[in-house]
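In the two complexes that follow, subunit A is the common piece, with subunit B as its partner first and subunit C second.
On to the complex of A and B.
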């Protein structure tokens, strides 16, 4: 299947997914409602043979007051890479975890949780991964993070 | 026997208590310290602690091509065998406690070399939220080796500068 037939297969099952654009024959991008992410991933893995979650991360949009969670899903059967975006409200970003479908999302979601503050519901072990305990709760990759220009370094020149 | 136990050592002429630094402080003023420093400068065993991409140059320096054994610079895998700790990369806030533990495990006399721009001033991670800055306030750094990353020859020159400091008694590994 090329990207067009993949798009048709998904939109026939889930009509509310908007494929905003088709970048090329191998990359498609779509928006999905946050409540339906696990259902869509289940369908992608079992019916359309998209078995490889390449990465999962967050993007902060303070002017739109939104946080996007992006899933990049590849396939071993079709030459297509699918990018799926779920939009969450910025003050209370909550989304269902996709670990039951793609097990390797575990650490991606732990990292996105501590860097962006996205709460993953039903995650097996949502501990901080790379930051120290003091930095937990500051969500340092959000754009309005106060401590980002850390100007304590002495000027050696 | 009872009489011997009651002797106060301070009253015995010519004795010094061994729980003070008096002997060391006395020897530091004599030629004995020069001989000690000559031995120390010729056996600068460094700890293999590759922390960033500069760590690759650090590993390459210990390989056979540069033959640093002729200067007495030998890579050691345990901090308990090492004399020199080379900070070869950015120090994140999460890694700093581990680095301090490693530094405490090294027996004195010991020296620190800051290797690379990240360890000196932060490098590309300057003003980052997760790296620790001003490493020379935490560890007594003797030699800074700039570069991104420095070449192996630069690290060998850093060791030579450290040897010169030890011979001149200007190093921070010992309090003179």
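On to the complex of A and C.
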């Protein structure tokens, strides 16, 4: 299976997934509506053999007032890796959790929540994971975070 | 985990500092008598914020930072990071440099497996095995030291090449060391296979089947021990792995014993890869000719774009996702470590096992907390 057939399979089922660009034969990047993420992931896992969630994380774009949640999904059967982005408003980033589909998204979502402030709906256990309690609510990986490096990594930078 | 305990139950906190743990993480286990009813992993004790630090460093400075993600796999972390930048900037690495990178990465894989295995044996109380492995690993560290100039945090790769060429007489040193390591690995295997206590504690313990392992997102030796031949070096070849002959080591049992066995087989396979590299390595420049890239690349700007590059770490799939906005610093770097999903599976695996097996199962995953916390 190569990226072309994967793209065709996905667009025939979900015409509103917008493929931005294709890096090479084994990498594709697509944009998905936030409301449809779980449905699309379900389809990817069951029909196109995308059974391996490589990672899930956020990217902050303050000048566009957006937070992107990026899902990098690979497979154990074929070499194609799909990078799927859901774009959320920065003031109220909310998205459905994909834990019911990809079990290992659990920690990735907890981490994205405490580093970027993305709210995952229907997540089984959305507690902070890596940071100390005092830092919760400051969303340190956002670009406008002012505590770095004085508050977080004074000895390192 | 539900914190309420019934009269016959109790909660035991293992860690964050505990002799069995390769780094600080806490395991809260709810016990009923000798049996684990439920458990929970608590991480973040050594969270370094490497993703944030990388955003504030230039691309070249970042190389020394990614070394610190996991000291046992420093060179593969560098490879993933440098590979991202090379893909974004379109840098071609000369063939000689690619071979040198493969040699260092495989040496690093061997020493990581040897230490992981020896440490694991000491968790089970087999401390003499730990002493054997530490002794034999020292020769490998000297080999790595002779190429890179450092034992654990190498800062050896550069964009488009490597810092230094192989030292004189390197092939002879390798021949001498590998002769010893081959004998040592055979000896380890025999010791493991003939030790009744070791076998009683590992065979049939912590069994994961292939479908569950895939579902849990595990990669590396724990996955290959279940019979899935998933190896980035084969599935998505980077560097010169396409020109090298090696097989993906798998086992079908999926238990603790199989995980250690996979590592032993991989040590042999890696030695075979290095010997091929030394036979095939061409002469030539270390950096692409006619470009500005070299040992001391000045501040470079990388074209805007996004890339995901993954390599095979000693522990599994190591991937970097890099977003560049065209400036001299990366806009966002996501480190996808192999142990992160593996450590997540522990509560499920520990359900219903006796307390003594917690160490046997958790240790066999070869966890590196430094990399989980980043």
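By our rule, the second predicted complex is superposed on the first by the 149 of 157 C-alpha atoms of A that agree within 3 Å, B and C clash if a C-alpha of one lies under 4 Å from a C-alpha of the other, contacts with A are read in each partner's own complex, and residues count from 1 in each chain.
We take it that a residue touches a chain if its C-beta (ideal position, glycine included) is under 8 Å from a C-beta of that chain, and two chains touch if they have at least 3 such contacts.
Predicted, not measured: the structure shown is a model, and the values here were computed from it.
*Asks:* Of the two partner chains, subunit B (first) and subunit C (second), which one does A:107 touch, if any: first, second, both, or neither?
*Replies:* second
*Asks:* Regarding the shared-chain residue A:57, is it in contact with subunit B (first), subunit C (second), both, or neither?
*Replies:* second
*Asks:* Is it subunit B or subunit C that touches the larger share of residues in subunit A?
*Replies:* It is C that touches the greater number of subunit A residues.
*Asks:* Kindly classify A:90 by the partners it touches after superposition: subunit B alone (first), subunit C alone (second), both, or neither?
*Replies:* Touch partners of A:90: none, neither subunit B nor subunit C.
*Asks:* Please work out whether A:79 is in contact with subunit B alone, subunit C alone, both, or neither, and reply first, second, both or neither.
*Replies:* After superposing on A, A:79 lies in contact with subunit C but is clear of subunit B.
*Asks:* For A:142, using the defined touch cut-off, is the partner it touches subunit B, subunit C, both, or neither? Pick first, second, both or neither.
*Replies:* neither
*Asks:* Following superposition on chain A, which residues of subunit A contact subunit B and also contact subunit C?
*Replies:* 130-132, 140, 148-149, 152-153, 156
*Asks:* Per the contact definition, I'd like the list of subunit C residues that touch subunit A in the complex.
*Replies:* Spelled out, the residues of subunit C in touch with subunit A are 43-44, 47-49, 51-53, 56, 214-217, 219, 228, 230, 235-236, 306-308, 310, 317, 319, 321, 323, 331-332, 334, 336, 340-341, 344, 373.
*Asks:* Which stretch or stretches of subunit B touch subunit A in the complex?
*Replies:* On the subunit B side, the touching residues are 93-94, 120-122, 126-131, 133-134.
*Asks:* Looking at the complex, which residues from subunit A come into contact with subunit C?
*Replies:* It comes out as residues 23, 26-27, 29, 51-55, 57, 59-60, 70, 72, 76, 79, 81, 83, 102-104, 106-107, 129-132, 140-141, 148-149, 152-153, 156-157.
*Asks:* List the residues on subunit A that touch subunit B in their complex, please.
*Replies:* Interface residues on subunit A, with respect to subunit B: 130-132, 134-135, 140, 145, 147-154, 156.
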